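In the part that follows, the structures are each spelled out as structure tokens.
In what comes next, chain A is part of two complexes: it sits with chain B in the first one and with chain C in the second one.
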Partner chain A sequence: MKTIENEKNHIIPYKTFLFVLAGLIVLTLTSVTLTRISLGTLTVTIALIIAAIKSTFVLRIFMHLKFENKMFSIALIGVVLLLCAVITITLLDYLNR
Partner chain B sequence: MSTQKDIEEPSYLDYKGKYRGIFSWILSTDHKRIALLYLFSILAFFATGATLGLLMKFELIAPGKTIMTAQTYNAFFTLHGIIMIFAVVIPGLPAVFGNFLLPIMIGAKDVAFPRLNLLSWYFYVMGVSLVLISQFTGQGPPDTGWTFYAPYSFRTTGNMLPAVFGAFVLGFSSILTGLNFLVTIHRMRAPGMKWLKMPLFPWTLYATGWIQLLATPIIGITLLMIIAEKTLHIGFFDPALGGDPILYQHLFWTYSHPAVYIMILPAMGAISEIISTFSHKTLFGYNFMVASSLAIAFVGYFVWGHHMFTSGMSSTALYAFSLLTFLVAIPSAIKVFNWIATMHKGSIDLQTPFYWAMGFIFVFMIGGFSGLILGSLATNIHLHNTHFVLAHFHFIVFGGTGFAFFGAMHYWYPKMTGKMYDSRWANIGLFLFLTGFIVLYGTMFYLGYKGMPRRYYDYDEIFHTGNIISTMGSWVLYSGLGIIIINLFASLKSGAKAPSNPWGGKTLEWSVPSPPPVENFKEIPVVTKGPYSYK
Partner chain C sequence: MSTILVKHRDDLTSKTGMWFFLFTELLLFGGLFIVYSVYRYRNATAFHLAAQELSVFIGTINTIILLISSTTIAMSITAIRKQNKKFAILLLGLTIILGLAFLVNKYFEWGEHFKEHIYPGSSILALRGHGDVLFYGLYFFMTGLHALHIIIGLIFILVIAVSILRNKINSDNYVLLENSGLYWHLVDLIWIFLFPLFYLIT
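Right, the complex of A and B next:
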């Protein structure tokens, strides 16, 4: 069993962190720029997709999910699916009221 | 598994650490001491909430004003609800017995984050203090009920904000405890304790931990939205500001229904331990018991709408929530059938914890079946917001969690204190408690069915007899409660010394001395058998 005592630390080079940071800034600027363009109902969808990409970077690189046991990724995906299910059920009310 | 009677370390109660006196408790990071901090805090708040309940029942002994005004009654049921839900039943079993026993039952020296564990107790105390401060400051105590429903919660002149913020802080305590338990179970199980060799109580704490971690932030954000709406006038829920009051109910119950499972899952875990130990038999259908714990936690996320059948939701959502509500009954029923199957042909030892477990099954069944009546759309329209609902959730929440809490208390008391209690007085207390409970809350089913609404300090003459019986039931219940608590406290002084394994239990906590030493085990045990290895 992997325990606190025997787990390994991963060292990520600063260069990678800086690349990711630059990527996050570019995506944030894209997100802000898109609010100035009228895309109708797609506005929220695109904003959420960009936010999801940014979150994935933060989770995988800054929070080391990429290097951790697969169990953590599975747990995270499970939580995201749970959130989607809760929102879908709530929409059963809002879309049919 | 070898017993460790020869251990020479002082018990956690005798250990002389860095601090003395009260500081050796409130600055301790030992999971056992923190468990007792929770125990005494919870007992104090339970006594407060119970006294409010007793006074409310006394008010209802006759129509019209008896001992308090309508406004006082509103404030009483609000405070009673907030204290009992957020400060007693939600932390009850996980924070007290989970903290004390989880590390020992999985063969660890402590939880994964001992300092965080102590911090969560401080959050707990701060949260309840804020709720209590709200009673004595501002323009009068809150009067919305524990649900803080919009839009009334924004319009009342009652002192809402400290109470709402208190509930928010209590949520942090719950999240930190859940997180701690999840990491502890994932990372700190003893060598050989594979997932399916873990006892049921840690398994239910594991399922509970996920609910605490994933559902509690929703209520946290919702309560912050109330504060933002009330102070900054942002229209989330108040229709006057363009908000949607039903959205508040969705968000509130998305947490508060899973919270029922935070209360009941560890209760089911404790009952499973008790039944196996006193039947001297391996828990029947262990794998299904584990799966049903996780299934209850999972399906429990999707049934919140059954609290909102009369709120004006769409009919599509009504049908979906009703169907999902019926589904959650399946894993609960699996547990009840397996408990009964465990007892079948067992060598049953009729001790006090076993009687509590039987009481639990009895009241939980009544609470569960009445839940199905409320989960049906048509009957819900008639029974919504009546005393029937009060009876149902007191049978589940106070009956389920309360019976399991006292069952667990009598089961693990020798381990926690190193003393045995007087079982004759314990049984008398239980008998009165059970009798009073059925009279007090059973009568409410009838009153609700006949149409008596909840949260009214006055009622029509036709409900008088039922209310007299119900109020008398509260006196019997509280007499039993008094006997139980006095007996447990008296036994701390006069009880006989407890052996390390007084009941013949097989799980790891019974292999360490009573009370356990500071670091629980002299050497971390190697687990080779399942948790209930009876021949």
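Right, the complex of A and C next:
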């Protein structure tokens, strides 16, 4: 059992984490710079897309989902979809009053 | 005691339990994000103006602090698996220091608002109108709830660091370290969305 687990959960090298950190900081600064330029409603979209990309890195590498049993990713996607559905339905209600 | 005690352990279930807890956290903050979206939609101008009063500089610094702290705790798992106990504890210590730095920044940030009589229930804030009250109400509640998670995370990490020191967590048994990491990353993840929504989108 242990050997199977060890094969599955390989050790992530320190370097990988540092690369991801560099990427996340670059994305943060990009987000700050882009939102300084007034792009109207596009600003919200850009900021949220960048936040989503950052989250993907954190979830897959830092939170190890990339190397974990697929069950975790599927469950997470389920929760995110549920949240998106609730947000969409609530906003549809408010936007059409 | 001459008998060898073999403790039953199920790391996969332990981690699954942690993830399920994190899902409830996502729904908790998700609900608050919905409240934020609706109030923002109904008070667009007030939210726009109020958000401009927040310091993007402190917000950005705090974002970077949290990202680095997430990296250090993730690296500590690699360290413990490579049986580098000292380095793992050092990395957790760094994580705790960075978390405290985040809270210190938050303290000064909130302090500035308080000086200007901006806090929930303030009569001067109430004079500025309904939209401002809603914006700052959500701002203090959401960043406050997030800060509470930081404090809990720091205590969790401290307990884990002590357990590593006592060899209760080692290269063979590190699922608790992984779980504390998951919790800390979730706190980071929430901030990744709080930061643009309160500081950037003006």
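Note that the second predicted complex is superposed on the first by the 88 of 97 C-alpha atoms of A that agree within 3 Å, B and C clash if a C-alpha of one lies under 4 Å from a C-alpha of the other, contacts with A are read in each partner's own complex, and residues count from 1 in each chain.
What we mean here is this: a residue touches a chain if its C-beta (ideal position, glycine included) is under 8 Å from a C-beta of that chain, and two chains touch if they have at least 3 such contacts.
All figures in this text were calculated on a predicted structure; none of them were measured in a lab.
S.K.: Is it chain B or chain C that touches the larger share of residues in chain A?
M.R.: Touched residues of chain A are more numerous for C.
S.K.: Using the touch definition from the top, say if A:M63 reaches chain B (first), chain C (second), both or neither.
M.R.: In the superposition, A:M63 contacts chain C only.
S.K.: Examine A:A85 and indicate which partner it touches, taking first as chain B and second as chain C; both and neither are also allowed.
M.R.: first
S.K.: Counting only touches as set out at the top, which of chain B and chain C does A:K54 meet: first, second, both, neither?
M.R.: Once the two structures are laid over each other on A, A:K54 reaches chain C alone.
S.K.: Please indicate which partner A:N96 is in contact with in the superposed arrangement: first for chain B, second for chain C, both, or neither.
M.R.: In the superposition, A:N96 contacts chain B only.
S.K.: Quick one: classify A:S31 as touching chain B (first), chain C (second), both or neither.
M.R.: second
S.K.: Would you tell me the residues on chain A in contact with chain B in one complex that are also in contact with chain C in the other?
M.R.: 71, 79, 82, 86, 90, 94-95
S.K.: In the complex formed with chain A, which residues of chain C make contact?
M.R.: For chain C paired with chain A, touching residues are 11-12, 15-16, 19, 23, 26-27, 30, 33-34, 37-38, 41-42, 56, 60, 63-64, 67-68, 70-71, 74-75, 77-78, 81-82, 178, 181-182, 185-186, 188-189, 192-193, 195-197, 200-202.
S.K.: Please give the residue numbers of chain B that touch chain A in the complex, ascending.
M.R.: Interface residues on the chain B side: 112, 186-189, 191, 214, 246, 250, 254, 301-302, 305, 312-317, 320-321.
S.K.: Taking the touch rule as given, give the residues of chain A at its contact with chain C in the complex, in rising order.
M.R.: 5, 11-14, 17-18, 20-21, 24-25, 28-29, 31-32, 35, 43-44, 47-48, 50-51, 54-55, 58-59, 61-64, 68-69, 71-72, 75-76, 79-80, 82-83, 86-87, 90-91, 94-95
S.K.: Give the list of chain A residues in touch with chain B in this complex.
M.R.: Touch list, chain A to chain B: 1-4, 71, 79, 82, 85-86, 89-90, 92-97.
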